[in-house]
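Look for chain A in each of the two complexes below; its partner is chain B in the first and chain C in the second.
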Partner chain A sequence: MSTQHSDEETPVSSDGDPLRLRLWDRIRFARQSYTERMPQIESIAYVFISPFFLLFGLFLAFPIVYTVYLSFFEYQSVSSDSLFWIDIGPIFIDVPQIAELQFVGFGNYAHMAGDSLFWQSMFNTTYILLIQVPIMIGLALALAIALNASFVRFKGFFRTAIAIPVSANIVAYSTVFLLLFNEQFGFINYLLSSVGVEPIAWLRDEFWARKTIIAAVTWRWTGYNMIILLAGLQNIPQQLYEAAEIDGASRWEKFRYVTLPQLKPVLLFVVVLSTIGTFKLFAEPYVITDGGPTNATITIVQYIYREAFQNWNLGYASALTVVFVAIVSVISIIQIKIGGDD
Partner chain B sequence: MARITLTDLTKVYDPDGEAVVAVEDCNLTVDDGEFLVLVGPSGCGKSTTLRCIAGLEDITEGRLEFGDTDVTTYSASERDVAMVFQNYALYPHMTVRQNIGFGLKLSSKLSSSEINDQVESVAEMLGISELLGDKPKELSGGQQQRVALGRAIVRKPEVFLMDEPLSNLDAKLRSDMRTELQELQQNLDVTTVYVTHDQTEAMAMGDRIAVMDKGILQQVGPPEEVYRQPVNEFVADFIGSPSINLLSADVDGSTLLGPGGFKYDLGNASPVEGHDRVRVGIRPEDIRLVDGGPNRAEVTVVEPMGNENFCYMELEHIEMTARISPTQRPTAGEEVAFAFDEAALYLFDAETGDALKTKTDESPDNIHTEVST
Partner chain C sequence: MREQRRKDAVWQFTTYVFILVMTLVMLVPLYWMIVAATLPQEQFIQFPPRLYPGTAFFENFAALQERTDFVRSIWNSVFIAVVYTVLSILLCSMAGFAFAKYEFRFKEPIFYLILATLVLPIQLLVIPLFLMMSQIDWTDTFRAIIIPWLANPIGIFLMRQNMKSIPDALLESARMDGATEFQIFYRIALPAMRSSIAALAIILFLFQWDLFLYPLVILETSANYTIPVALSGLEGTQRVYYDQIMVATSLAIIPLAILFLVLQKQFVSGILAGSLKE
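Moving on to the complex of A and B:
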């Protein structure tokens, strides 16, 4: 090629500052040479991943297995007797029994059938669940759609404001609800009386106590679910709406035939998560109603807590836990089976 | 079926804020049953024009008529148009059958079995009968394209709108579908507006093509007319592949003097009268390599196409392309002399780009005959 390229200068980095670049190069070269000199140990990878398995085994796997184990026993007392020991000459490992237990077989499970408080707590939990989850998801969906609409302004502000309750400390916000719904001095009754409504015995009346719990849980979690649904809405390609519009779809038909089916996986996720979340409701009834009045708001987890740490029926509480987990799993599986065909 | 009339159509995005003018004063008539291709570089406003016709964008100013009906303020669902999108926009959760039948289900009073019959006959016409039970994600790009077409056809719309429908297909499939689309449009005889950035597609498919640039409609006409008689330098440059060779030249009486010793004596100097400087355009197929002459350029690359060779040359710093016979193979670095006929020459105003002279060589009747080199 005889073409003359007179402008063949060395390119100068747009960052300028060659000194700084040279320093970074130095560091990079040093790092590369260290990597090359590093000894190669075959099974070093296992060492790196072992912390997870140790922690998982100790704090997750073991308690789960031990809970199942405990559910076949009746707890007597704390014990320091040996469970088993390993004697290999110089090393002697003694693993103590955690508790003194009496084997009862399926006795704990059998006891559940006739335990009226267990059935009461199951009923309360289901009652709260069936009302709270649909209301919350309906509300979250409506808010998400509203915030997704192109004409709404200050979206960022509303999004944050609605989602912020999820960051509230459970005990703290429950206490606020306790005060708000106080029969004599509460703000809610004050508001009602100012418009001429008789004060309501929020926490003493069976019906209203459950509604108070539902209100509290809904207040805290609606924004959280709204954020998830909003993300789902924003993932729906705009062109599908345009195609539907050209196909002659009305606003409602676009929602029915594009939004809902496209949102289904996200909606399913939210439903399953909310169901599990509400099913294991504990702190709100514990703080606001303490399960009352006359056990009208005691939830299954609260009952397990009482049995385990107030009555020290660890074996029975474990059996309750196993049943609880089984029920939650079955419900979730059913929801996923019904809701998720893809 | 209907005639589409755009009168002073203007689309401004965000008129209260930054006010981006996407389409300005567009006047265009698409005749009943005509296949009109809107073509231009990206951002030229062609898609926006189409979306205004579809009703997916509000028209800021001007009027849009289908036949004698003013549809300017109609919503998309009221306009009875069908549209094929670039990425097809099939409903992922519906089967092919549901996708095609969806429009009929929403906007017609047909019974389910009637809808089903129509869906099946359209599917048969497009050769996708065996796919009716599948979901879009199980289909190949070409099959999805057919479903998108089926969804548009089954509605028997007044107007057919296509937004770069072939650009997601591979080259082979694209040219197959091009022919198929044309046949389909001829059989259905529906007024069609087709948007593409690909000038080859525009030339091959359009009854007429409309060239847009920077929101302004530059020229509308049959492909040959746009190719041979472009109204300005932009149209001349955009239409034709490889692109037209363009260079600036000073006018000295009837002589054009360009870079790298370029010199051309005009037989008829009337087009350049009153101009000191013009832009000169020569189509690659009009350039001949000759044994000697005043105009010389250096060959950079020769691309053999089989039936012809593309010869890339440099005239000073100006890239030039010549389509030459496959028997001619100059080597890179070689200096060659080139020539062309005055009849094949385009001249444009150096400032405005307006055409001063366009091709006058062959009559449109024998345009397809080979040019001997």
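Moving on to the complex of A and C:
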């Protein structure tokens, strides 16, 4: 398409020299490129984005809308009926109705208010994240600062060792923690017994079961956050520390007045990322405690899973999902708001 | 001055102790897992536990393999994650290229629509996707695990950001040499994106590798199980075979840990790229 011009419409040339003709053509062609060839480039863009956008629409945008729709219904069964069909001669497209549903209005949302297990799962998730996120970010920050200190040797080794859990499969590491915290032969109780502490019933006690989940998640994600914070620390201009040193600032003052303010955006980002991450917790309680004992560790996503795929209340589970996503979105928006101030 | 030096020494000592303790905390669970995988069950559950490796790894592995075909699950996971990563990179880089280098109608609104879905938790999609997959009879298939996640918002975002840095003059000169737009894409744009693609590949691979809730709902026959689904079912029977479970977790964790050691730079840039914000 882009070569059609040369053969058709440039027979006129001052001296008829074919070589110069071609050169002239090329110059004119280049000049045209940003204006006349624009429509052509535009249409090729649609070719480039259409595979992505087709899948995006079908498997991301549509399901989101459908979840909201589903949350106003009670699920009956999978449906084999057609929702509608398109019949244009040789082309026949049958779009099936996805499920047999019964409209209940805001019934699912109203039901949530009196659902004690829903509130229990909200409480558990909040409880876990309020303890887990500060501990993890504190450790990650301390590690990042320690591994950024000029006097520390073998930084590469320590950084690698501490970051290695980021490669651990979620279910696999949860399984390891399940056995690590085993009451009879787990390594943790062995450690405790070697310093004279009675074995703890980690998974049978409400208080300790939550702590087990917290320990597991912290193990998996501390290195991850350390990597992000370390990158943030390395972006702080060294002159700021030199200036503080000239002013006679102590170690604490340098941390308080240089590191912390400079790191604030990254730190906030990491906090929000972790908060959302812990809010979405599923595999760890599913594997380690199965939500127990007496639902002390059941998280929101786990409750949604149970309602949807064990009790088959897909409508109610969708309503729970909508609330869950709303909360996550609010956390994200707060992040953008706070991040935007800097 | 001497006072200051003493203080520094104490500070440095404390820092080292902290780093060492944390390193141990991170490595001990993995060490303990490997030890447990190499011991016969009786030695593993004794108290006090044995803390150095034994020689029963292959017996444990054979017993595990006899009970459930775990090697099959590993193969399934690797296959799904690799196919997913390759296809998703292709899709995301094509779309990212269009968003970075072409003008077209509704470009901005479409991009922000995609970007908005970045913050949404993927658990949101499990229920509708399950119903859709049941409807088209895709449950218990690999394509049901791979295809819905191909259009990855993080992927398109990263690719667009990085492809913006390709100079327009480069593309324009290729055009003048008669290259088609597709040739420009895969001969010039893609090779220039090598390091971003490596980072994205790690993000995508780990995303699929760690996917649990969705395959748990979709996959039915154990021959199709991915590693996480197979692992979560391992302790379901009457007797718990701890030795076998630890062999399975070792097989799930150690190859990736080695990959992490080898490709650490790419892992780190993957983590940092995934945490980018605009």
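Points to keep in mind about this one:
We adopt the following convention: the second predicted complex is superposed on the first by the 286 of 342 C-alpha atoms of A that agree within 3 Å, B and C clash if a C-alpha of one lies under 4 Å from a C-alpha of the other, contacts with A are read in each partner's own complex, and residues count from 1 in each chain.
Quick note on the criterion: a residue touches a chain if its C-beta (ideal position, glycine included) is under 8 Å from a C-beta of that chain, and two chains touch if they have at least 3 such contacts.
The model shown is predicted, which means the values in this text are computed figures rather than measured ones.
In this overlay on chain A, chain B fits alongside chain C without clashing. When the shared chain is aligned, chain B comes close enough to touch A:Ala249, but chain C does not. Comparing chain C and chain B on the residues of chain A they touch gives the larger count to C. Applying the stated contact rule after C-alpha superposition, one finds that A:Pro237 touches chain B and leaves chain C untouched.
By the document's definition of touching, of the two partners only chain B reaches A:Val258; chain C does not. Using the contact criterion defined above for the overlaid structures, shared-chain residue A:Ala146 touches chain C, although it does not reach chain B. Applying the stated contact rule after C-alpha superposition, one finds that A:Ile227 touches chain C and leaves chain B untouched.
Within the superposed three-chain model, A:Phe207 lies out of touch with both chain B and chain C [touch as defined at top].
In the superposed pair of complexes, A:Ala45 makes contact with chain C only, with no contact to chain B. Superposing the two structures on chain A brings chain B to within 7 Å of chain C, judged by their nearest Cα atoms.
Taken together, the two complexes place residues 2-3 of chain A in contact with chain B and also with chain C. Across the complex, chain A is touched by residues 54-56, 75-77, 81-83, 85, 87, 89-94, 102-103, 106-107, 151, 155, 298, 300, 314, 332-333 of chain B. Residues 1-3, 237, 239-240, 242-250, 253, 257-258, 261-262, 264, 342 of chain A are the ones touching chain B in the complex. The part of chain A that touches chain C in the complex is made up of residues 2-3, 26, 29-30, 33, 38, 41-42, 44-46, 48-49, 51-53, 55-56, 59-64, 66-67, 70, 78-79, 96, 98-99, 139, 142-143, 146-147, 149, 151-152, 158, 160-173, 175-180, 184-185, 187, 190, 193-194, 219, 222-224, 227-228, 231, 251, 269-270, 273, 276, 280, 282-283, 286-287, 301, 304-305, 308-309, 314, 317-318, 321, 324-325, 328-329, 332, 339. Chain contact summary for the complex, chain C toward chain A: residues 11-12, 15-16, 18-19, 22-23, 25-30, 32-33, 36, 44-49, 91-92, 94-95, 97-99, 102-105, 110, 113-114, 117, 119-121, 123-132, 134-136, 147-151, 153, 156, 172, 175-176, 178, 181, 185, 206, 209-210, 212-213, 217, 227-229, 231-232, 234-235, 242, 245-246, 248-249, 252-253, 256-257, 259-261, 264, 267-268, 271-272, 275, 277.
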